[in-house]
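Since the structure comes first, as structure tokens, the remarks are kept for the end.
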Amino acid sequence: MKKYKIGVIGTGRIGKLHIENLMRYIPEAEVYAAADVMIEHSKEWLEENNIEHVFSDYKDLLALEEIDAVVISTPTDTHAEISIAAAEAGKHVFCEKPVDLTVERVKDVIAAVKKADVVFQVGFNRRFDHNFRRVREHVVDGNIGDVHMVLVTSRDPAPPPVSYIESSGGLFLDMMIHDFDMVRYQSGAEVVAVTAHGANLVDPEIGEAGDIDTAIVTLELSNGALAMINNSRQAVYGYDQRVEVFGSKGQATAYNDQPNNVELYTEEDISTDKIPYFFLDRYTNAFINQFEDFIKALKGEIEVPVNDVDGLRAIEIALACNESLKTGERVELVYDEL
Amino acid sequence: MKKYKIGVIGTGRIGKLHIENLMRYIPEAEVYAAADVMIEHSKEWLEENNIEHVFSDYKDLLALEEIDAVVISTPTDTHAEISIAAAEAGKHVFCEKPVDLTVERVKDVIAAVKKADVVFQVGFNRRFDHNFRRVREHVVDGNIGDVHMVLVTSRDPAPPPVSYIESSGGLFLDMMIHDFDMVRYQSGAEVVAVTAHGANLVDPEIGEAGDIDTAIVTLELSNGALAMINNSRQAVYGYDQRVEVFGSKGQATAYNDQPNNVELYTEEDISTDKIPYFFLDRYTNAFINQFEDFIKALKGEIEVPVNDVDGLRAIEIALACNESLKTGERVELVYDEL
Amino acid sequence: MKKYKIGVIGTGRIGKLHIENLMRYIPEAEVYAAADVMIEHSKEWLEENNIEHVFSDYKDLLALEEIDAVVISTPTDTHAEISIAAAEAGKHVFCEKPVDLTVERVKDVIAAVKKADVVFQVGFNRRFDHNFRRVREHVVDGNIGDVHMVLVTSRDPAPPPVSYIESSGGLFLDMMIHDFDMVRYQSGAEVVAVTAHGANLVDPEIGEAGDIDTAIVTLELSNGALAMINNSRQAVYGYDQRVEVFGSKGQATAYNDQPNNVELYTEEDISTDKIPYFFLDRYTNAFINQFEDFIKALKGEIEVPVNDVDGLRAIEIALACNESLKTGERVELVYDEL
Amino acid sequence: MKKYKIGVIGTGRIGKLHIENLMRYIPEAEVYAAADVMIEHSKEWLEENNIEHVFSDYKDLLALEEIDAVVISTPTDTHAEISIAAAEAGKHVFCEKPVDLTVERVKDVIAAVKKADVVFQVGFNRRFDHNFRRVREHVVDGNIGDVHMVLVTSRDPAPPPVSYIESSGGLFLDMMIHDFDMVRYQSGAEVVAVTAHGANLVDPEIGEAGDIDTAIVTLELSNGALAMINNSRQAVYGYDQRVEVFGSKGQATAYNDQPNNVELYTEEDISTDKIPYFFLDRYTNAFINQFEDFIKALKGEIEVPVNDVDGLRAIEIALACNESLKTGERVELVYDEL
């Protein structure tokens, strides 16, 4: 069995999760090296996990010839630069979403990937969730016929710090971007127009920072279908993640997972435990499954499941929503050929 | 459309319910007369409902030639006497369960019914519940294959007064009798042996009155299948009524109905309203459906759905359970030919 | 007990349902008279139900002094005329939705009602559904805090004949009008702007008739909240009716009712029966409950639960959606003071 | 962090699973050695997993002084021998269930464990399932009050080969033994009497081999409560594992897990995917969690969660069921002091 040598760039919370998942569940992957500008914070942890090649400069990691692929889990504003450098070094790339907050930089990445002819996968992990994937299977198997509507509910349990929001690019680029990808994934169609509605209902400080915390976006799709996404920065009952696809032959609905299925009957009511609060609990499997498919793509067994153009499209849709929200008008999307 | 003239004997709570259901939902039934030893308590109510022929002696009601059928909802110890008198008067009979607490008296009723050649239906209303009926349909349609197990959970929300329990014949004859009928209904088989376990856990006064309030009974069926019934006199969360049939090809499970299906998500948990507390809320449809079938049986369109022998069998099983509980042993049932 | 004498105008399918419900379930209502331009089609049925005063001209019915209130279930284009005549005759009015397809005529009705000082209730029956009412209770009780979003899924099992659609006023006035009222009911707020998206995906003939069959509408509410409604003329799995209200403290979701709760486990899958196909099966209770509240309103015990202004607002929203769909733009609503 | 050096004895399917789980999820455990009489079949696999000390004779493994604990996953008839030898060698022991099929041998193990003063845990993995554990928490937290009934449904998807059944000790010792432990776990009480009912309905060859394939057992508990377990060797729809505890204040019910929660609505019905078919899919977490607690017990942080006496009790109950089935009578259990 060929083992792919992986270098992980960015060893914060998500980087560590990626390392653990690669080590535990992906027998064909070997976490060979790690880099982080603050590598000293992770050194002990990396050592315990027997990762010997550690760097503070990601370029040193890229210089290791034996590395096959990198996983980029650094802050967003470095994604494009590292992706391009990795491609130029001939490494396959798994990059966290979003690839960048600007269309231009994403196109630079696409060009570099094309030139280097490497595999480039974007970390839209939700495509790999067991529930959402099952919905997609029903669509592909024709169980719901032609798709007429895609409805996505996606709410965080609590807003991030306002300081984070200020540099996040706003709700559409930071949060709903996952859901834009979900609509494209489930429908197999492109978004041709958006109308965005937003409100500041959760925390006035978010409004003062120039962002919204509640949003409903309507999307028109290239196959004539309609889609709707609703987001809130705060669902006090947990991390609310649901998808519904409706069509000419029926409907498939994915609900929230629960930590257990125990029902308690009392004199008051019938209750179950809350849905998971933390996104890592909700998407445990999805984070693993996306690496399985990454390895399959490296081996050429499957097409890259979420490629660089997918990364670009989500950003283009998010930017169109920003414009729609500002102008109060429907915004059509026109995509350059790539 | 021929209207069947019905006389209702016993105008307490259940009698009134029967009258309302017959008037509202059974267009081919006309509530023509009513009788009750304490008829003065119901007179005004009956008048408001335009029931003109009212009697304190049920024999006066039976003397009305134009009456086609009677509904008997008097105290249990009068069921047999009135049933026999009604049959002798040539009236069809719908009789509340149990027909009597002794096998002998029920056999007297069966003989009278046979001689008079009238329709005799017992008020095992649960057979007509939309959920339990659907389970039975799955069995009949072969969706679960050969029946291997029938599991019945049946619990009251709160115990009746101890004074009632003292004259009730005990838990098996008063409460579980419905469930014995359910096992026979779902399996389409006869009970050939029982083993009864009981406990006094809800209220010590029930134990002092010589009864149990918690019971698990295992039943062996003539087709080789096994069944289990559990009862409690007190389920604080409501009237718990569930049935499951398991077989060679699958399983059908009927859960509790709920007053609405709204889920409330809060910071604490996810909750729904409790199940109904009151048996009339749970079996609203069943009480109506049994009269629809009674009319169909009167018209000869269907066999009597719960006949006098069904009434007898349930009592014989209950008495066998009483014996099993006393002796701590398995009791086999032998049925006389009828 | 005072009995309110009711005259039912329009004795088609819904008129007959109203008569049955009033007779069976509303003891304080007496169906005293009925009128229909084609009264000969209903005569026998009315006779069987002991309704003696029947007319082909509704004016003759209104001329009966003893009548307290009328129920109007005629074709939409006669609602306003009859409502006004009834009010002028001093009768209280229960009028099916929509009151009219034009704002002007509804305002005429409002003026007549005001002048005559009669009770006027509109037949938005869904407010009285046991599930949706429970959601509203959670909102009113503060269980979900401030309302941030209202999401309504509302789909018919199959489209009406194209001939009907042609004269229906279009999907927004004919079908989504119920959902506009639902958003107002659940939120307790007014709609201040709408953006409508529509598509013709179910049947091309509907498109040729100038209508849409699939729609998603976003609504901005006066309290800052957002709402979304999606409609389809064809959900092959049944009459899909769901409502969700999300807020600062949680969420309440009402799902579809099912005819029974039996689960069948087989080698293939786990399945339940479909949701009801027919709106009368789904809203059985709602149709009854609305008359209970109508009687309470007549007695002055409660405010009219859905009044003439509610009827007007729904139409104004529907017309704004028509405009938004045509122009592709967000449309703000400005309401005249009444 | 102290790492406990573990030797795994028996490297068949379950042994390999244990090794994987220990390596992936239990950072404080190090799989240091492995032994199997057919070690050559596992050698390559063990090598790939970097387990260097491998033996065909378990005694060689026990001879390694640096080993802290052993995990025994050999055939049942060797459990006692190896357990005793391990204890005598001063090793802590995790032993698969059942410890032995005879009371005498289990008592020998208990004596050896006591003498050596080592930790001894039995592999009743279901106690560690996220659903059943949550039910137990509700019991411990007092949410259901005094326990009145424990109901366990436990069915395999398909029967094992008849050759296996012949040497299995029979359904009670081989299969229901898990459920006996579940009743003790959930109730916190001892079983004082059993009545067993069995049938041969799934496959006549099982009957010819002297065993049953369908069973319902009623258990009387030391706290006065009653319990019921039903087993089938064949639930064609999957591995059916449910538990319900009912008490004076309410009820907690654990249902089956499902591979995803997607509902498909079609013209036919509403369906979900089947429950897991394979016990390793159902109890994935339970198999991991039991080792977490084993390590905690080694560290002295918690009592051994399933100790040697728990292992003995389950066998004593199973043997009493065998007797009850044979005689058709209720069998009381008397436990020796240990």
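Every chain is named by a letter (A, B, C and D) in the order it is written, and numbering of its residues begins at 1.
One rule holds in what follows: a contact is a pair of C-beta atoms (placed from the backbone, for glycine too) under 8 Å apart; a residue touches a chain by one contact, two chains touch by 3 or more.
In this text the structure is predicted, and so the values were computed from the model without any measurement.
A.B. asks: Tell me, which chains sit next to both chain A and chain B?
C.D. replies: Intersection of chain A and chain B contact lists gives C, D.
A.B. asks: Among the chains, which has its CA centre at the largest distance from chain B's?
C.D. replies: That would be chain A.
A.B. asks: Averaged over CA atoms, how far is the centre of chain C from the centre of chain D? Could you give it in whole Å?
C.D. replies: The separation of the two C-alpha centroids amounts to 58 Å.
A.B. asks: Express in whole angstrom the distance between the two chain centres, defined as the mean CA positions of chain B and chain D.
C.D. replies: Computed from C-alpha means, the inter-chain centre distance equals 42 Å.
A.B. asks: On chain B, where are the residues touching two or more other chains?
C.D. replies: 235-237, 240, 249-251, 265-267, 273
A.B. asks: Which residues, counting only chain D, touch chain C once they are in their complex?
C.D. replies: Residues in contact with chain C: 235-238, 240, 258, 265-275.
A.B. asks: Note which residues of chain D are touching chain A in the complex, please.
C.D. replies: Those in contact with chain A are residues 24-25, 130-131, 133-135, 138, 143-144, 249-257, 259-267, 273.
A.B. asks: Chain C touches which residues of chain A in the complex?
C.D. replies: 146, 148-149, 151, 153, 155, 195, 197, 199, 201-202, 214-216, 218, 220, 224-228, 230, 232, 234-237, 240, 246, 248-251, 328-330
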